Amino acid sequence: MSEFLKFDTLSLHAGQTVDPVYGARAAPIYQTTSYVFPDTDTASSIFNLERGGHAYSRITNPTVGVLEQRIAALEGGSAAVCTASGMAATFCAITAILGQGDHIVASTQMYGGNISLMKNTLPRFGITTTFFDPTDIDACRNAIRDNTRLIYGELIGNPGLDILDLEAIANIGAEHHIPFMVDATFNTPYLCRCLDYGANMTIHSVTKWMGGHGNAIGGVVVDGGNFDWGASDKYPTITAPYAPFSGINLWEEFGPSAFATRIRAEAMRDIGPSMSPMNAFLLLQGIETLSLRMDRHMSNTAAMLEFLQNHEQVSWVNHPNLPGHRSHRLAQKYLPKGAGSIISFGVKGGRDAGKAFIENVELASHLANVGDAKTLVIHPATTTHSRIDAGALQAAGITEDMVRLSVGLEDIADIKADFETGFRAAARLAKG
Amino acid sequence: MYFDVKGKRVFATTGGKPFDNSKPVVIFLAGSGGDHTFWGLHARFFAFRKYSVLCPDAPGHTHSAGPALGSIEALADWLNEVVTALDIKDLSIVAHSQGCLVALEYASRFPHKLRSMSLITSGLATPVNDYLLKAANDNPAAAVDMMISWGFGPAGHLHQGPIPGNSMARVGYTTMWRNSPRALAADLHACNDYRNGKAAAAAVQCPVQVIIAGKDRMAPAKATATLVEHLPDPVVARISESGHMLPLEVPDQCRTLLKDFIFLHNPASQA
Amino acid sequence: MGFRTRQIHAGVTPDPQTGSILTPIYQTTTYVQPSVDEYLSKGFTYSRSGNPTVRALELKLADLEGGVDCACFGTGMSAIQAVMLAFLSAGSHAVISDVAYGGTYRLCTKILSKFGVEFTFADGSKPDSVAAAVRKNTKLILTETPANPTMKCTDIAAVSKIAKKAGVVHAVDNTFLTPYYQLPFKLGADISIHSTTKYMDGHNATVGGAVISNNKDHAAAVRFIQNSTGTIMSPQVAWLTLQGCKTLSIRMDAQSASAMAIATYLEAHPKVAQVRYPGLKSFPQHELSTRQASGYGAMFWFEVKGGLKAGKKLMDNIKVWSLAENLGSVESLITHPVTMTHADVEAAERARVGIIDGLVRASVGLEDTDDLINALGAALDLV
C-alpha cells in the first residue's frame, strides 16, 4: 500500500526540490560564506534552533544540504552531516558522544587512518580503544567495559576483507546500551544498508565509491535515529542540557536526529570541518550514477576473481565472494549484490615479483586510494607498509607478495590484458 | 519534563524553557502515533517569545506511561487533567490531525478554558482505511510505512527536512516506530470510532484557526471543508504545496500563521 | 552610488530562497517551467539563452559602464565577433582602428572577409583618417583605445561624432582601461567591449568577454547573436568574474600607480631606448589620455637599446615578471607581441602600425613596485 521512492530514484532526486527561484534543474552551487537575514527575528530564531535555514556555510549550506539529505535517504537514516573528509566524519561522530575517560571497542580490520586515530590521537584526549578480531564475536563482547561508549567497525574489513556480523554486534550494543557505528565506505548503501541490520550510525568517506570519480574529498555521518540515548545516563552530550543553545536538551527536542544535531551544533560550529559547496556538487553528480557504477564494479570484480584464480602467476586470491573465504556466509547475507570491489592476491615469487607486477601494469594506476572509477593497484609491502618488519606485516594480515586491487569500471578485457603484462614481468623475474 | 496525572507519569517538552503557568500557555497535540518531537521547532519558537509551551506525549506514547487511551473522549478528559494538574490559565492549543479531534472535544467540554485553537490538517472525523487499521493491529511496520507514505507530500518523499541535512520522513518514521506498536493502533481506532465532531465543533466558543494542506491524502479537501463549515467563524488558511504533515513540510509558513493568530488571541505581556 | 559600491553590489541581490549573500553558481542546463502557460515566468529556459549567474555579471557590467544592457561571452574574441555579426553582413564594411589586438585583426582578415565583409584599418589617433575610411556601406567603426600593444589612443568623442554623422555604430574595446577609468558612452560611443579575462577577472582564472550596449536595439541585436551562435560564458566563469569585479578599482589604482613608477624608472634607464605609457609626459597623446580617461592604466611598452636581440635577452632572464600572454592580471606579465600576441599580423602591417621587433609589452600586476623595478634592473644588467 505504501509507496516510497526507490533507490535509483532517490539517488537522483532525494534532498533536492527544483530551485524555487529560477527552476534550475541542477542544484545551484551556493559558493557563499553567509546568508542575509530578512529581519533580526529570523536571524535569532535560526541561531536558536527554532527554525531551519542558513546562517553561515561552516554550519550549513544549501548545496551541501542536498547531498546530506540524499545520503540520509539512501542510507535510511534520519539525518546526515557532511564533512570535509571521511576522517573528519569519524572524528566528529566519535567526539560528539565520547569524552575523557570513555572507551571504544573497535575492529582490528580497519583503514589505517581510523586505527591511528584510535591508537594515537584519541588517547591524548583520554579516549581509549580495545580492538577485537571482527571474526570473533565473543572478543567484541568481552572487550566491553563499564566505560565503553561506542562499538566501531568497517563492514568490509581492511586488509583481510572479513565481514562484520552486523546483527550479532548490534545485539551486543543493544544489550549494553552502546551505539554501533559502521564505516560503510567499502559497501555504500547500494550494496548494504547497515542501519537496516541494527547499526545506529554510518560513516562514509564519500571520496570513494559514493562520489566515484576521484575528484573531491568528503565525508558524511549518517544518524540512524534508532538509538535510545535516553535509556541510560551514559550520553550527556545528547541527553543533558547544552549550554550554547540556551540549555537545549537535544534528545528531548530532536529525538531521532539528536545525534546529528549535536554534530551540527558542536563539531561544525566549534571545530568546523565543513564540506565545500563545490565538492558537494561534484559528489552529487557522482551519486547520480551510484547504482550503475556499483553494478559495473561488481561485474568487473567477479570477472577479475575468475581471471586471477585461474592465473598461473597468482598464488592466492582473497575476496569474500569466494566460497573459501572465511566470511563467505556473512557476505552472502549482508552483501548479496557483491562484497565490494577490493581484491587482494599474491603474486608468485614473493616481494620482488609483487613489485615487478606493479611496476609493469600501465592502465592500472599505482596509488594508495580505493574506490575510484579507475582500476588501482598497490603493493603494501613496498609502499604503505614498507617500514614494517615481516612479523608486524603478518600481524596486519599483509604478506610480502600481496597486491591490493581496487577494481575499476574499465572494459574488463583491457584490465585483464594490462594484468597479463604485469604477470609476464613477474614471471620473467621468477625465471631469473 | 515529567509530571504526574492521576498517578501516571507524563512526559512533555517545554521548548527549551522551564514550564511557567504564569505565562500564556500553548499546548501542542501531535497526530496518531506521533509525539513531542513533531513540534520541536515550533515549540521552541513560542517558548522563546514570552509563552510557555507544552508538547505532551499522550499516555502510552514514547516517554509517557501507558496504556494508550482508546478514544478521543478519553484523550480530551486526559488533556483536561493535564491542564488542571499544571494549573494552566491562558491556554491556546495547536493540534495536528488526530490531535485536532482531541482539541475539538476538549473545546466543546471546557469552552471557558481556551483562548484560541489552531487545527492543522483535520476534518470533523477521521475514518481510517481498513488496510491501515488491520495493519496497525497485525503488522505495525506496514502501518508505519503507510502513515509515512500517505502522510508526507512531495517534499517528504524527497527527504527534505525543516533543518538542513534532516530527512523529515525518516525522522517521522523513526518516531512512530520507537513508539509502542500498540500506541499507533490505539490512536487509529480512537480516530475511526469518533462520532461527536459535528456537535463538538458547534459548541466551540474560542477563536479557531484552520490550516489546510493542498496535497493532503489523509484529511482530504472534502473532510476539511466539513470542519470549516461546522466551526463558528474560523480563520482558514490553505497551503497548496504541502501534504498532511504540514508543520514539518512547510514549517516557515506554518509558524507565521500560528504566530499571527496566537499573538492576536492570546497575547503575551510585553513586559 | 559610487563606483566602488557598484562594483561590489550592482547586479547582485541576496538569493531570495536562502539569503545567500553571493549569487549561487547555477551550473544547470535547464529550468523546470511551472506550466505551459507560465513558460518563462521565472525568466530562464535553457542556459545557452540565459543563466542566473551569468545574468548577475551582465547586470553588473551594464551598470559599471552606464549602458542599458550587457551580454557575456565565452571569450573576449567571441564578444568582438558577436558585435561584428550583429552589425555586419555580406557586402558591408567596417573601419577598424590600427592597430588592434592581433586576434581582432585575424578575425577580420582571415574569417569575416571570407563571407564578403570588407575592412579598412585606419589610424585611430587621427580622426580625419577614420572619417576618410568611412564608405557608403560602412556599418561599424571599432576602435581599441589604448591599442594593444602600441598604446596608440583614439579620440573616442571625435570618432563617435564621425560615426553619428555617418549613421554608423561606434564600438570601443575598453579592455585596457575598464569603466573605472574610461566611460565610452559618456563620450558618444554606442558599444563597449571587454575581454573580462583581463582586469574584470584580474586573477588569471578565467577567459571571458562582454558586450555592453547603450541602446535597446543594439542590445537586442547582440543578444540575438549570443543566443543564436551560442558563444556563451559559463556560470563558473561568470561567478569567478563576479568575485574579481569586487576589487576592480582597487587593483586598477594600485597597478596603475606601479606602472607609472616603473615607466618613469625605465625612461631614465640608460639601456632603454624608449617607453610608451600614457601617463608619461613624453607620451605623444598624453593630453588626449588625460582628457578622456581618469587613469592611465597598467599597460605600457618599451624598447631596449639593441633592439630585438637585447629585448629577448631581457625577457629570457627576467625574474618576478612572467613571460606569458594575457594582461591585466595581478601577476605581472611581460610579452613579446611580434612572436606572441601579434604573430598573425603580417610583418608589413606590423611595421606600418608601429609594432617594432624590439617592442616589449608590460602588464603591471600587483606585486611590490620595488620588486618589479629591481627585477627589470637586474635583467637589464644582463643585456
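As written, the chains take the letters A, B and C, and residue 1 is the first residue of each chain.
Throughout what follows, contacts are C-beta pairs under 8 Å (C-beta built on N, C-alpha and C of every residue); 3 or more make two chains touch, one makes a residue touch a chain.
It should be emphasised that the depicted structure is a prediction, and the values quoted were computed from it without experimental measurement.
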Maximum centroid distance from chain A, chain identifier (CA atoms): C
Most central chain, judged by mean C-alpha position against the global CA mean: A
Inter-chain centre distance, chain A versus chain B - centres from mean C-alpha coordinates, in Å: 39
Intercentroid distance (Cα basis), chain C paired with chain B, Å: 64
Centroid distance [mean C-alpha coordinates] between chain C and chain A, Å: 50
Where chain A touches two or more other chains, by residue: 53-54, 62
Complex contact set, residues of chain A against chain B: 1-5, 10, 13-17, 45, 48-54, 60-62, 64-65, 68-70, 72-73, 76-82, 225-226, 228, 230, 245-249, 252-257, 260-261, 264
Residues of chain B touching chain A in the complex: 13, 15-17, 35-37, 40-41, 43-45, 48, 62-63, 131-132, 135, 142, 145-146, 148-150, 154-155, 157-167, 170-171, 173-175, 177-178, 251-252, 255
For the chain C and chain A complex, residues of the former touching the latter: 14-22, 24-34, 42-44, 52, 239
Touching residues on chain A, where the partner in the complex is chain C: 18-26, 28-38, 53-54, 62-63, 281
